[in-house]
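Naming follows writing order (A, B, C and D), and every chain is counted from residue 1.
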Amino acid sequence: MSALPYDTHHLRELAGELIVNVRELAARGWTPATSSNFSQRLDDRHAAITISGRDKGRLNEDDIMVVDLDGRAVGSDHRPSAETLLHTRLYRRLPAVGCVLHTHSRTQTVASRLYGGAGQVRLAGYELLKAFSGTATHEVELLVPVLPNSQDMHTLAAQVDALLDAGPMWGYLIDGHGLYAWGRDMAEARRHLDAFDFLLGCELELGRLTTGR
Amino acid sequence: MSALPYDTHHLRELAGELIVNVRELAARGWTPATSSNFSQRLDDRHAAITISGRDKGRLNEDDIMVVDLDGRAVGSDHRPSAETLLHTRLYRRLPAVGCVLHTHSRTQTVASRLYGGAGQVRLAGYELLKAFSGTATHEVELLVPVLPNSQDMHTLAAQVDALLDAGPMWGYLIDGHGLYAWGRDMAEARRHLDAFDFLLGCELELGRLTTGR
Amino acid sequence: MSALPYDTHHLRELAGELIVNVRELAARGWTPATSSNFSQRLDDRHAAITISGRDKGRLNEDDIMVVDLDGRAVGSDHRPSAETLLHTRLYRRLPAVGCVLHTHSRTQTVASRLYGGAGQVRLAGYELLKAFSGTATHEVELLVPVLPNSQDMHTLAAQVDALLDAGPMWGYLIDGHGLYAWGRDMAEARRHLDAFDFLLGCELELGRLTTGR
Amino acid sequence: MSALPYDTHHLRELAGELIVNVRELAARGWTPATSSNFSQRLDDRHAAITISGRDKGRLNEDDIMVVDLDGRAVGSDHRPSAETLLHTRLYRRLPAVGCVLHTHSRTQTVASRLYGGAGQVRLAGYELLKAFSGTATHEVELLVPVLPNSQDMHTLAAQVDALLDAGPMWGYLIDGHGLYAWGRDMAEARRHLDAFDFLLGCELELGRLTTGR
């Protein structure tokens, strides 16, 4: 008889969805060297998240653990990744968020280095800006924040909180590190992640073509 | 008994062909963040087209709808993408066109931004220009139009009409957006799409190598 | 009873090998828009070659024909590609050559444009130069010829003959077009093709990194 | 009855792991033109290593041989690659090393050329530096040595020995050639290899974006 304080059937569904999607992202090279982590909200007190250090291209059910919204392990003695806190703070603060994806594509890492000094990347003039929920036209600009990297997750989490105080957003970069993106569910989070990576890639490519001119 | 005003068997054939080809294009990263749309002519009054917002890498029969050549849903209550009009206007105007492919590869998007000011991309000196139907030698130049982006499809459609008045063409770019390419059937439309993307990619690469010289 | 002047069993073996290898090259994007062609020597008077205009990513037995060493169809009424002559001249002149691969990767096409004026690409300082048969050290330089493009295959073939008069070689570029590479058999021809593409790609990348310095 | 001086069952396990991992690396294009070699420690006197010149994308059990730690064939008459010595010297010197991976990605080859003059690549400011065992923060710098290329493996091995005398390391580049990376086991060696390639790729990309500025 299970005394676990969450719905194990629902956990299995979410884990299956995580496995399929994370393997696809790994196949693109967005999770180099066992980096990156991925989560889905399980209920209003729990989330399912990938265990630190696992090979994302071979992810299976044993690589996923349950944490509470303070980032502590629930129902297992796995050690949550330090970055778990950046996931759970979003679930705690934003009740509509159901999925958080953190990746390290080369585009994301290079963009974070290139725009780290400016503290943000300005995206404008792209049809694909419409991929972000709440955007109905390409005639907008999107500012993607770039946070300084830190091994202190409380520092990073406080900076994210300050950004969320200033207005809605769907993701941010950390300098020299990678991207966090989220959404209501896996489909929306992946759409946002794809759009961020595509648009950052376009900006870098335009930069290469105009550098030195 | 079906009262649908089109051949459902033929629809199923076209849908199958769309699914195979669109999944291949999605696997290349040419349909980021559920963008892009794809259609085939069903008969002289109808076309089959992908439904807006579906993940093109997982496309199946339920993601394809039938529209008339004014872009209105036929036999379903799915909402056609706003861009449906750009497909159906081509079918209405050009009876020989059987397939229209609209994609958003990074190459296409970046080229559209880079050449948007000039209003066209000039392609010359490539053997692959022979991939465009009606071209028998590499000793030609091809001008690929770049239209300003707009959320008003009637404005875009009128600009495409003006271009077609000036002479035959197999595709165009929209600034900050992507590429439209077409052909008699799926095989020809894909050949044209591939050739556009390949040649635009070569131009960008040559640009990178000569920038700043 | 077969009156065909070649060994049909051996043809089937070679066709199988062509199909596997050409599909792999197509999956890399080296055969855009149905371009490129591929052949293997069948015997001292015949070669098996891909039929013009077929999708190389879906190649099957019906897409392969037999020609004599003057490039004329044997045992079928398929129209050989104009470029067939560039294959058969190599088989006629070089008895040890068993396989000829002609591809259009972006790297090959861009390198051919960039170095077309110089008429050759100089490759030196790479360990992978040892991949070319007859090379035992990286301390050599390899000059890859770049021929002007032409729709007249006799002109191109005469230029290749003149190059072969000057010394042994394993491949050449055609400006704005692509690469021809060959070897004793499929394995050696693929090794040469891979090495050419890899080394040309390194040269372009080094060029991007030092342009404008 | 086997008189082989090693555990054939353990050899089969290691060979299976090599096959899966090497094919994945080949699929990324990191083993062009049959280059690259890969090994695992079998016991304190033997290692299993890929046979020279085999296609790494089609690797199977017959492509793997056993050598002693002086690089001589054991239990077969296959000719070990000249570079075998660079593997076995690591196993002899570093008892904790269980796997050595040598690849030739374009990123690795280009970085080795670009930084060959400086003799090292400095990596700093990247979160992914934490992928190297023993590193707990991104606030470090990693110096990746670049050795001059040589066909004399004893010369190269002596240079590697001198580097190891100076301190611990997880890999090095050879100019115009490629990368050696290692670890306790396949998982750690792959994590190090992935991290090296990713970070070198970021450096090249940042170089492209700032060249000529």
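As a working rule, a residue touches a chain if its C-beta (ideal position, glycine included) is under 8 Å from a C-beta of that chain, and two chains touch if they have at least 3 such contacts.
Note that the coordinates shown come from a computational prediction; the quantities given were computed from them, not determined experimentally.
Where touching is counted per the definition, the chains common to subunit B and subunit D are A, C. Shared residue numbers account for under half of those found at the interface formed by subunit C and subunit D, and the copies are therefore classed as meeting with different residues. The copies subunit A and subunit D differ by a rotation of 90 degrees on their C-alpha atoms, rounded to the nearest 5. Taking each chain's centre as the average of its CA atoms, subunit A and subunit B sit 32 Å apart.
Computed from the mean C-alpha positions, the centre of subunit A lies at a distance of 45 Å from the centre of subunit C.
Shared contact sites, meaning residues of subunit D that touch two or more other chains, fall at 208, 211-212.
Within the complex, the subunit A residues that touch subunit D are 29, 32-35, 55, 104, 106, 109-110, 113-114, 149, 151, 174-178, 204, 207-208, 211-212. The touching residues of subunit D, counted against subunit A in their complex, run 125-128, 131, 136-139, 187, 191-192, 194-195, 197-198, 201-202, 205-206, 208-213.
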